[in-house]
Amino acid sequence: MARWRVGILGATGLVGQHLVARLAAHPWFELRAVGASEARRGQTYGQAVSWQLDGAPPPAAARLALAPCEPGAFEDCQIVFSALAREVALEVEPAFAAAGFAVVSNSAALRDDPDVPLLVPEVNGAHLALLERQRPRWPGCVVTNPNCSTVGLVLSLAPLAARFGVRRAFVATMQAVSGAGLGGPSALELLDNVLPWIPGEEEKIERETRKILGTLGAGGVEPASLELAAHCHRVPVRDGHLEAVSVELDRPASPEEALEAWRAYIPPESVRRLPSAPERTLQVRLEPDRPQPRRDRDSGGGMTVVIGRVRSCPLFTLRYVLLVHNTIRGAAGAALLNAELLAASGLLERHGRP
Amino acid sequence: MARWRVGILGATGLVGQHLVARLAAHPWFELRAVGASEARRGQTYGQAVSWQLDGAPPPAAARLALAPCEPGAFEDCQIVFSALAREVALEVEPAFAAAGFAVVSNSAALRDDPDVPLLVPEVNGAHLALLERQRPRWPGCVVTNPNCSTVGLVLSLAPLAARFGVRRAFVATMQAVSGAGLGGPSALELLDNVLPWIPGEEEKIERETRKILGTLGAGGVEPASLELAAHCHRVPVRDGHLEAVSVELDRPASPEEALEAWRAYIPPESVRRLPSAPERTLQVRLEPDRPQPRRDRDSGGGMTVVIGRVRSCPLFTLRYVLLVHNTIRGAAGAALLNAELLAASGLLERHGRP
Amino acid sequence: MARWRVGILGATGLVGQHLVARLAAHPWFELRAVGASEARRGQTYGQAVSWQLDGAPPPAAARLALAPCEPGAFEDCQIVFSALAREVALEVEPAFAAAGFAVVSNSAALRDDPDVPLLVPEVNGAHLALLERQRPRWPGCVVTNPNCSTVGLVLSLAPLAARFGVRRAFVATMQAVSGAGLGGPSALELLDNVLPWIPGEEEKIERETRKILGTLGAGGVEPASLELAAHCHRVPVRDGHLEAVSVELDRPASPEEALEAWRAYIPPESVRRLPSAPERTLQVRLEPDRPQPRRDRDSGGGMTVVIGRVRSCPLFTLRYVLLVHNTIRGAAGAALLNAELLAASGLLERHGRP
Amino acid sequence: MARWRVGILGATGLVGQHLVARLAAHPWFELRAVGASEARRGQTYGQAVSWQLDGAPPPAAARLALAPCEPGAFEDCQIVFSALAREVALEVEPAFAAAGFAVVSNSAALRDDPDVPLLVPEVNGAHLALLERQRPRWPGCVVTNPNCSTVGLVLSLAPLAARFGVRRAFVATMQAVSGAGLGGPSALELLDNVLPWIPGEEEKIERETRKILGTLGAGGVEPASLELAAHCHRVPVRDGHLEAVSVELDRPASPEEALEAWRAYIPPESVRRLPSAPERTLQVRLEPDRPQPRRDRDSGGGMTVVIGRVRSCPLFTLRYVLLVHNTIRGAAGAALLNAELLAASGLLERHGRP
């Protein structure tokens, strides 16, 4: 079995922890280095991390020495996952690409860079062709995954866009606390409460969705013309973003036709074979009260987007609710799937390190 | 000080308890009788009720004998508040009206009856004229208040409708558990979770809003032409419904103009003088993260609707968030305000009991 | 592979659902019948159950017709698990034993019966000898597992009792909502709250612990002399009972000696080989803030009891905190382990059906 | 009405905010200065504070300029309340006392100082005599209130100590998140969880209780001989610490006799007349499931300690549950009551500023 050597930048944060956990048993990738911006010399990952997931850190990862987020400290790796905060990532990710690494980023730093693919493998794997435009800039490459709320929305919209055309959509999100990472809201703020604002989130959803559903042309990605209005909220839920959507389609479609489009949606064979790809990209539930974060977030190991309550919309064409596991499909799992696609596509040979 | 003698039907439920609590110190109304469908003979209210509010039931109410919900048991009252479940109310409320009582109902039973005013005093007090249409049916009368989510939405839309015209709106609600009463979701169901369905709620919001904002004509109330699409969710919050709204106006309006319309909104003098009317019907907050259920629900003693996050909408005209205390402004306080309006208007003499 | 045919009484309740889920992939047991006291003729399990666990009921179980809880409806089974409410179980369990079934019960109905073993296989498997005392009463047999809080407490006390002697103990529990089953507290009651009373729970802990740690003699089980004072509370946690313990030992023991006793604790080989036995019966954590319900409840698949914060007690000998997954180790997993012990011991041939 | 001019050190923290809120309408005290260790010049309190209580900061306080925590900046005040963190308070509080201020502290910094009274006015107002021992150290004075959990425990034990003698007690706390202030646990940590460790808390409870119940002698306070074992936990509750207690008395007492002792408990007249003194210091509830944090924490405006579930203890004499509002009776209200006692006692003239 071919194996790639990988590292994680920002390994002590919440998304970093999910990456560490998922890499512990990954069939293709071997975790060789973990970095944190505040790395203290001599500390191991196990000593430095405030582990938030169940149980304890995987023993092999716990023994790794924590490294600074500099290319020199990751010489042993071919791929580096970045779970860095945006501001840090803005400097560190290009530095790693310049040093020849394939950077698979979950951060928002370069998502809007016209040369950087914003990938959801099932939807726009073809955008990997953008890597060719990165060649003049650095010997490595950078690919990114979208914001956690965007992934779920895009995966629900893509089959509708392909079959009926999507003109515009409202989306109101109820987002889990893990989406805010270790520095998220305090129990004091969120207990018996909802926070009606997540800084920058609405803009990300509106902008990223258009790029992902956009068309690749000679000049890069032409964003889709889809118009979006997002309303974002933080709710007392640990994992799983719920999103209520009203969508206007180009051609009329009944709820049954939408269900049929979602059920018929099968990603390309090249994506289906990736280790992190779930058996079903989309799951449709017919019970009137599903999906629910706690009951449905682990569908497909957290990689399946669950759709329910599909009904007509008095204003637009359709209304529905979707659920996406924000730290898995919306972050760590998304980055892994991107790295797997990169590895399987043979592009690492051209855009990475031996 | 003029005083009216009042009773409560469904006094042991959650809305009934709020009515009991608020009537304990009411300047106009004196609580004389409490009824429950499952009344057990000989029990007092204090013995029968599973008190959910802070502390203990008001002593005077606790001593009242629990009565069956039949007109004969409320002979001493002029006004009866109904906090009955819809199915029970469908039979009981007309029976009380037929016995000459003024029935002030929080139930959904008769809200859609063309002869029954669906009142938000600040908005459509004029609809009280419908009582004249009830005369052929019964010597008493029935007035109702809307669904808890509807009240907040209508109060936020009314000033916009008056100044700019409201064409259509999308609303996503995040509703508190108290809205489901004593038989609401279990902790097992709602802990670390959101329920994306509240049976009948979306239809109520869409239908009731049009009736309240409708125009009174010779043939009754002509519903407003406003189109609505509602998405309703139950969240782990005790009290306070949060609603995210995108609204399309007939005439363009900037967020500043909307703020100005809300700030300038002053209800009729006749309403402002009612004991349950808050100092401010609407409160606008400019912080980016408000209103929040826990921090803002008690504004104006729970009778003020709080609006925030007012901004442009990429699809419609404006986006904003509103908060309404569902068991006060959305239920018990709403019914009290309706009863006060009825009493102050002098209509009780014509449509009630001496 | 030897297989036994099993049924579940009370299969639609929360413990019943956990049994159904765990039996779906059990190596020894095959689920053949599901019963519910309110069984409606013609309904399948999938139609009748309000499934509270993740995802959906296992398909094979979902297709089973729901049966009434009568021996005639379980003819095909050798073992029946009882997850019935105490009052129902008092009549139904003896009826099944009289019909020759091996009844493995999670209910409290017969736990105090002197002829019925109250089993924690790692601790008192020898109490199975009580079955011989059941022979004059019925051709089948009844074994029970303790209350969910008791299991965790007993498993932590047993190694201390064996090595140092246990004289008396205080225990304050913080219990999860799933312990109350489907009819547990409402979100309205428990949100932002703790309930300081669980009817009957303190008495059960005090009484059952003595029976389990008791000595088997000619006249049955002589309860241990251990004295207990329990304080029980319901907290807003889904799964996992946390218990704070102060224990007085017969011989002095330092925290380190207690840790050593727990670490050295290895159940009999006959128990370790049972499919539901975890790799570690007890897990000791040294971090100052563990165990925690959400992070540690799934240790050993929910079958491991986690102990932490071991320190001296100013009043007694030691203080510590333990965590037990109440619906697994404290209910469904406990019953399965009991059934496995019964099956492996060869006692089914003598006390059951062919 | 005599008025004293007061200031707050640490006014932006959670206890500071409660002090600001309660001082807004205080009959004796006028808030003249607010300080914060991180005070930024030119900012008002309203600009600097992240207000966590309902609504918005009182307008008069919001307009105050935020000052550094130095005596020079509080020249206008006679009394300063300290809600500083322990480390900061260790330096700042003596500096203010040295500058002649009466320092009424909620911090733990000087609670163990043998010259500083650790006050619960209803219990040990006589300890104010310690101020005389402070004279050689500084012209001002320092009085402190205990840890939030300790206040509730002491108020429940004092009547038992007076009537029966208290020998030892076991206490398990379930503490609200507000007790940890603005830097308390994140929603990610506490959602669906209990944290079984609060650093330093158990030691504080054990040590402070003995000092408060101690006897004032020539050499200062001789701590009570009472032995305590505390187990402390953080639960998902906003306000209100619940404590389960088993207590061993010197003389036997039935639950009824304990109830009688608590009901008969009336603080000295000098304390009862203080503005922050509640009508009842202790409230006994007889329902089996009370007190509960959410329903009972506001008893007596948050200043009444509520006791319930009084029953015999199999190991000690009695078991019971108590509830104390941690940010009011356990912090801001406690400090206010202490300041009122100081002011009413005439001691300010001798130990403070004109």
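So that you can tell them apart, the chains are marked A, B, C and D in the order they are listed, and the count of residues begins at 1 in each.
Quick note on the criterion: a contact is a pair of C-beta atoms (placed from the backbone, for glycine too) under 8 Å apart; a residue touches a chain by one contact, two chains touch by 3 or more.
Please read these numbers as outputs of a predicted model, since none were measured by experiment.
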{"item": "Result of counting contacting C-beta pairs for A-C and A-D, higher pair", "value": "A-D"}
{"item": "Most distant chain from subunit C, judged by the mean position of its C-alpha atoms", "value": "B"}
{"item": "Rounded Å distance between subunit A and subunit C, as computed from the means of their C-alpha atoms", "value": "41"}
{"item": "Inter-centroid spacing, subunit B versus subunit A (mean Cα positions, whole Å)", "value": "43"}
{"item": "Intercentroid distance (Cα basis), subunit D paired with subunit A, Å", "value": "48"}
{"item": "Contacts with two or more other chains, residues of subunit C listed in rising order", "value": "52, 191-192, 236-238, 294-295"}
{"item": "Subunit C to subunit B touching residues, read off their complex", "value": "14, 52, 177-178, 180, 182-192, 236-238"}
{"item": "Subunit A partner contacts - residues on subunit C that touch it in the complex", "value": "52-55, 191-192, 238, 294-296, 298-299"}
{"item": "Subunit B partner contacts - residues on subunit A that touch it in the complex", "value": "168, 170, 172, 174, 191-197, 199, 206, 227-229, 231, 233, 235-238, 242, 244, 246, 288-295, 308-309, 313-316, 319, 321"}
